[in-house]
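Working notes, structure below.
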Amino acid sequence: MGLFELAASNLISPIILSFALGLAAALARSDLSVPEAAAKAISLYLLFAIGFKGGAGVAAHGLDGTLIGALAAGLVLSFAVPFVAFGLLRVLSKLSTIDAAAVAGHYGSISIVTFVAATSVLQSQAIASEGYMVAVAAVMEAPAILSALWIVARTGKAAEMDAGLVREILLNGSIVLLIGSFVIGWITGEEGLAQISSFIVAPFQGVLCLFLLDMGLVAGRGLRQSRGALGVGAVAFGCLMPPIGAAMGLAAGLLLGLSTGGVMLLMTLSASASYIAVPAAMRVALPEANPSVYLTLSLGVTFPFNLTLGIPLYLSAATLATGG
Amino acid sequence: METHKAKRVEIIIERPMVRRLTDALTKAGVTGYTILPVFGGSGQSGAWTREGQVSPAGGMAAVVCLIRPDRLDGLLDAAFAVVETHIGVVSITDAEVLRADRF
Amino acid sequence: MGLFELAASNLISPIILSFALGLAAALARSDLSVPEAAAKAISLYLLFAIGFKGGAGVAAHGLDGTLIGALAAGLVLSFAVPFVAFGLLRVLSKLSTIDAAAVAGHYGSISIVTFVAATSVLQSQAIASEGYMVAVAAVMEAPAILSALWIVARTGKAAEMDAGLVREILLNGSIVLLIGSFVIGWITGEEGLAQISSFIVAPFQGVLCLFLLDMGLVAGRGLRQSRGALGVGAVAFGCLMPPIGAAMGLAAGLLLGLSTGGVMLLMTLSASASYIAVPAAMRVALPEANPSVYLTLSLGVTFPFNLTLGIPLYLSAATLATGG
Amino acid sequence: METHKAKRVEIIIERPMVRRLTDALTKAGVTGYTILPVFGGSGQSGAWTREGQVSPAGGMAAVVCLIRPDRLDGLLDAAFAVVETHIGVVSITDAEVLRADRF
Amino acid sequence: METHKAKRVEIIIERPMVRRLTDALTKAGVTGYTILPVFGGSGQSGAWTREGQVSPAGGMAAVVCLIRPDRLDGLLDAAFAVVETHIGVVSITDAEVLRADRF
Amino acid sequence: MGLFELAASNLISPIILSFALGLAAALARSDLSVPEAAAKAISLYLLFAIGFKGGAGVAAHGLDGTLIGALAAGLVLSFAVPFVAFGLLRVLSKLSTIDAAAVAGHYGSISIVTFVAATSVLQSQAIASEGYMVAVAAVMEAPAILSALWIVARTGKAAEMDAGLVREILLNGSIVLLIGSFVIGWITGEEGLAQISSFIVAPFQGVLCLFLLDMGLVAGRGLRQSRGALGVGAVAFGCLMPPIGAAMGLAAGLLLGLSTGGVMLLMTLSASASYIAVPAAMRVALPEANPSVYLTLSLGVTFPFNLTLGIPLYLSAATLATGG
């Protein structure tokens, strides 16, 4: 499938349209809303399912030497991307150092739903990928936060960093659940997967639709409330940074010799921006940074960009580059 | 019914900071507190709601603390140290409590 | 299947028995309860699933000219039923003008769970129906509110109607989700349905059971707390109005030349009374109207009536009248 | 610790009316408020609980508002205009706040 | 705006006891109360949170009650009878209310 | 399968590992958490599903005379176990009379999740059991509370027992839902089960994983916060009492002539300790009893013991004893 067909077929998938519905409803100020507890429960489900399936995939196909390499690449990318992002932001936007650093931290980290959407596209195209990419995703969540704080510290501003915060970041619920369910999937393997696949495989796409509906609602509400908080430069950053991150992921993936699917997922991880773990850490460590800047960019600009245009783009690029 | 003078301190603070606040209160000798969920609100940083949120970043919680009046200053110092650099609102009301031994 | 067999087989279906269980538990003052967030999440699921399936149905079977007709008929019925209901209430009960108008508004609008239960019965009898009936349901939610307010205004009482309220009513979450998922189902068609059918088709009946358990609990609590709020006349209205509404739906359905299933669904829509969107609008626009009157009638009398006796009756009538 | 006089206004109101109330408060110059979920209650119109409810019709919410005492009257007028014809309870307590510049 | 003196009583009590408390309040002639969910807290019996809990045993709720001052004693006696042997905190604040006829 | 293989295969099942993940996350103070509303919704689902399946099982295989006997045995066991538990606690621990009585009440009652885990093991081993064991479970929830209060009363302490409490205990949500869905399953039988099996059968194991993750989190948090509340003696009780209770269940099961699976389930019920209904009743009736003692013992010691070692042990014993 060519890039355009891919993009088109992606755009009219139920999950993208569900996101669009949520976005439209929020922008039109409908009172449609998902209870907080339900949204959290769905996100636990998605993390558990994606982690478990990744682990079961590793159990099924075995591990080659690239696991360690991929984990290391993930670490390096998560540390490195914020510096690139910070530099780009300084050029494109008028954000303060602290705001720019906070945003940069978000782009080094990852959005697990973007990752999940990418795996869905791979699956629908019957393209295989390394099951351990889930572990790479988990590993990429936290390091970017340190880079962001380091950037701030270097400019002489004080970030509130204590031992408690480090533990909070590393033992963040989504990291623990992703890694934990990955390990459970690995240990219990095909047999374990067979036992619970009618829970974590069959209804997965449908649950994802409801979650994206909610994300559309939250993103739309955010866009509506932060009108004016983002300049043109910042919005441009939100669309330019993902392909740049993806290019870094592409290079790493090719170096490691990942499969086409694996390269595409690493690109997606590098291209995506956090909207759960990093915002919470930033509120603690960089309270002066304006949350409506980083949340709107991450959830209102970059997330939809990746979901609609980014993912097909990364898949085409990965296919071309790996000759897959 | 016999009642005893007390202060009711209500601190509205970001969720990611709640544990830090309650740790600070405990260190300042506060013997008890209650955390209430907050659904939404508005302030200098705009309006927000918890609906559909997955991250704790965008939400607040209310911590209510009843203490003996002579302990108020210690509590406020502790609370202020946490709230100072963060979004948050601290209010104090005069109250009476039953069972003074508990405070 | 004859009316009696139908009614009997309907009465011992898991969904009706789940409702009965909830009702009994609440009347016996058990502390069995469903958290608000869970109940809301389930109702989002039901709306999404029923809307999507309706849209996919339209994609599969195509649209004939009757869609516009059916939408128009839905609008007219929703506007007209409150007047009939108001007249009947004045004859049968001693409710004040405002209470009677508020109740009348509920009966012009629809109950989506009653609609869902009716589609389940159709499905179990393998009777086809027009997929776009879901859109008709959405269209019928709001107009009745205007009729109720108009009745009040005519009697010289003031209703609090402002632009904000009109937007709230039209962009009510359940309308938006129903129409939105209908459109998504239509766009993505059979292929989209295949992707998420293990979420929205396979477990649907089971989820409906849990929702009806909750509705039984809420209805039972309402009945217990509003003992005495309803006179005999009002209760009689709650059982007489549904068949009258259904008759109006029957006439419209036959005029339009809908299928047997379609006629039966239009009858069910006309016969059912709102318990979500209209009560909220009435609290804003007619605060003097007593909520325990309209909620108890709608949820405690008419909903169980339709669920148990009404649906089999409407199906029999539609079958007879269409010769299907 | 230096504190400043303020009023704490607590308005318990039906959920479908919350947005109208906060709009009115904002128009009356209120700089912030916090919305707390309410689980159930009882009053002249009987007892209720949110459990299992899907419609917002049958529930209430609590809106808490800290303001400078001289702004109280404006707030009460605004709140009363909304609450007057509806179910709801308004209470005012004397309070002290930290960081007066925020109110 | 005309306001009337009232008392605001806030009772933080274990969830399994809430119904007993509100029954006792109603018997004592209280005309209304509001129940707020409580997310977590800490006291002599340690810290707790509702997260992930299925049983009502490990949680609290806050019951807020506005009453005319002359009814305070009856309310406190009723509340104390329930709270006495149980975990719970009762506080009273002076308040003003609109619409005195409702209390 | 021998005891050790059974125990080993049990230990690496997804559900046990999910519990372990939750436990580890809580002990490591991760902020991973399940919203209260989601946990309650899942527990409603599990009760509904297990009750319905039990009832459908009875409808399919018919009832022999042992139902009445099994219900009676459940009643007697629930009444009797607390006395044995109380005696053992007095020997092993230094708990006060009231604390010991409160704990004893928990062990006479049952843990429905332990029961569910046991049925899962039976299912994976293709061992049949009496469908009505679910009703026996429901019957065993409450009587133990009375025994505990009776023990307290005998020692001259006052328990706060009123008519309201008795109703609350007997009409406890979990008892009502379990019995109610059992009856629904019985009435609607195979046909009803077929309608909703893709909701209550297929995804059941997976949902159970998420629930056990949550139970691990709650148990871990409890263990962490109650450090020191339990002496060695109390912990020893938490591991010794389950096999003793199981032995009593074994005797009763053999007397009744239950199937291997039925005997094993009765053993599991007798061995398990309540962590929902009884704690709530104890807070009302015995407020002086320390909740962190009984909750930690029940959820932090006995629940994991049964889940990991107990269930395989009871299955082996039941197999040996019934010659099945």
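We call the chains A, B, C, D, E and F, going by the order they appear; numbering starts again at 1 in every chain.
One rule holds for everything that comes next: contacts are C-beta pairs under 8 Å (C-beta built on N, C-alpha and C of every residue); 3 or more make two chains touch, one makes a residue touch a chain.
Since the model is a prediction, treat every value here as computed from it, not as a measurement.
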Intersection of contact partners for chain D and chain F: C, E
Those chains which touch chain E and also touch chain B: D
Chain pair with more C-beta contacts, C-F versus A-B: C-F
Inter-centroid spacing, chain F versus chain B (mean Cα positions, whole Å): 39
Distance between chain centroids, defined by C-alpha means - chain E, chain F (Å): 34
Whole-Å gap separating chain B and chain C, where each centre is the average of the chain's CA atoms: 45
Residues of chain E whose C-beta touches two or more other chains: 36-37, 47, 49, 93-94
Two or more partner chains touched - positions in chain A: 33-38, 40-41, 198, 202-203
Those chain pairs that satisfy the touch definition: A-B, A-C, A-F, B-D, B-E, C-D, C-F, D-E, E-F
Contacting residues of chain C [partner chain A, same complex]: 35-38, 40-41, 44-45, 48, 52, 167-168, 171-173, 176-177, 180-181, 183-184, 187-188, 192, 195-200, 202-203
Chain C-touching residues of chain A, taken from the complex the two chains share: 12-14, 17-18, 21, 24-25, 28-38, 41, 124, 198, 202-207, 209-210, 213
Residue ranges of chain E in contact with chain B within the complex: 10, 12, 36-44, 47, 49, 60, 62, 73, 76-77, 79-80, 83, 89-94
Contacting residues of chain C [partner chain D, same complex]: 33-36, 39-40, 43, 160, 164, 214-215, 217-218, 221, 225-226, 275-277, 279-284, 287-288, 290-292, 295
For the chain E and chain D complex, residues of the former touching the latter: 1, 3, 6, 8, 22, 26, 31-37, 61, 64, 66, 93-99, 102
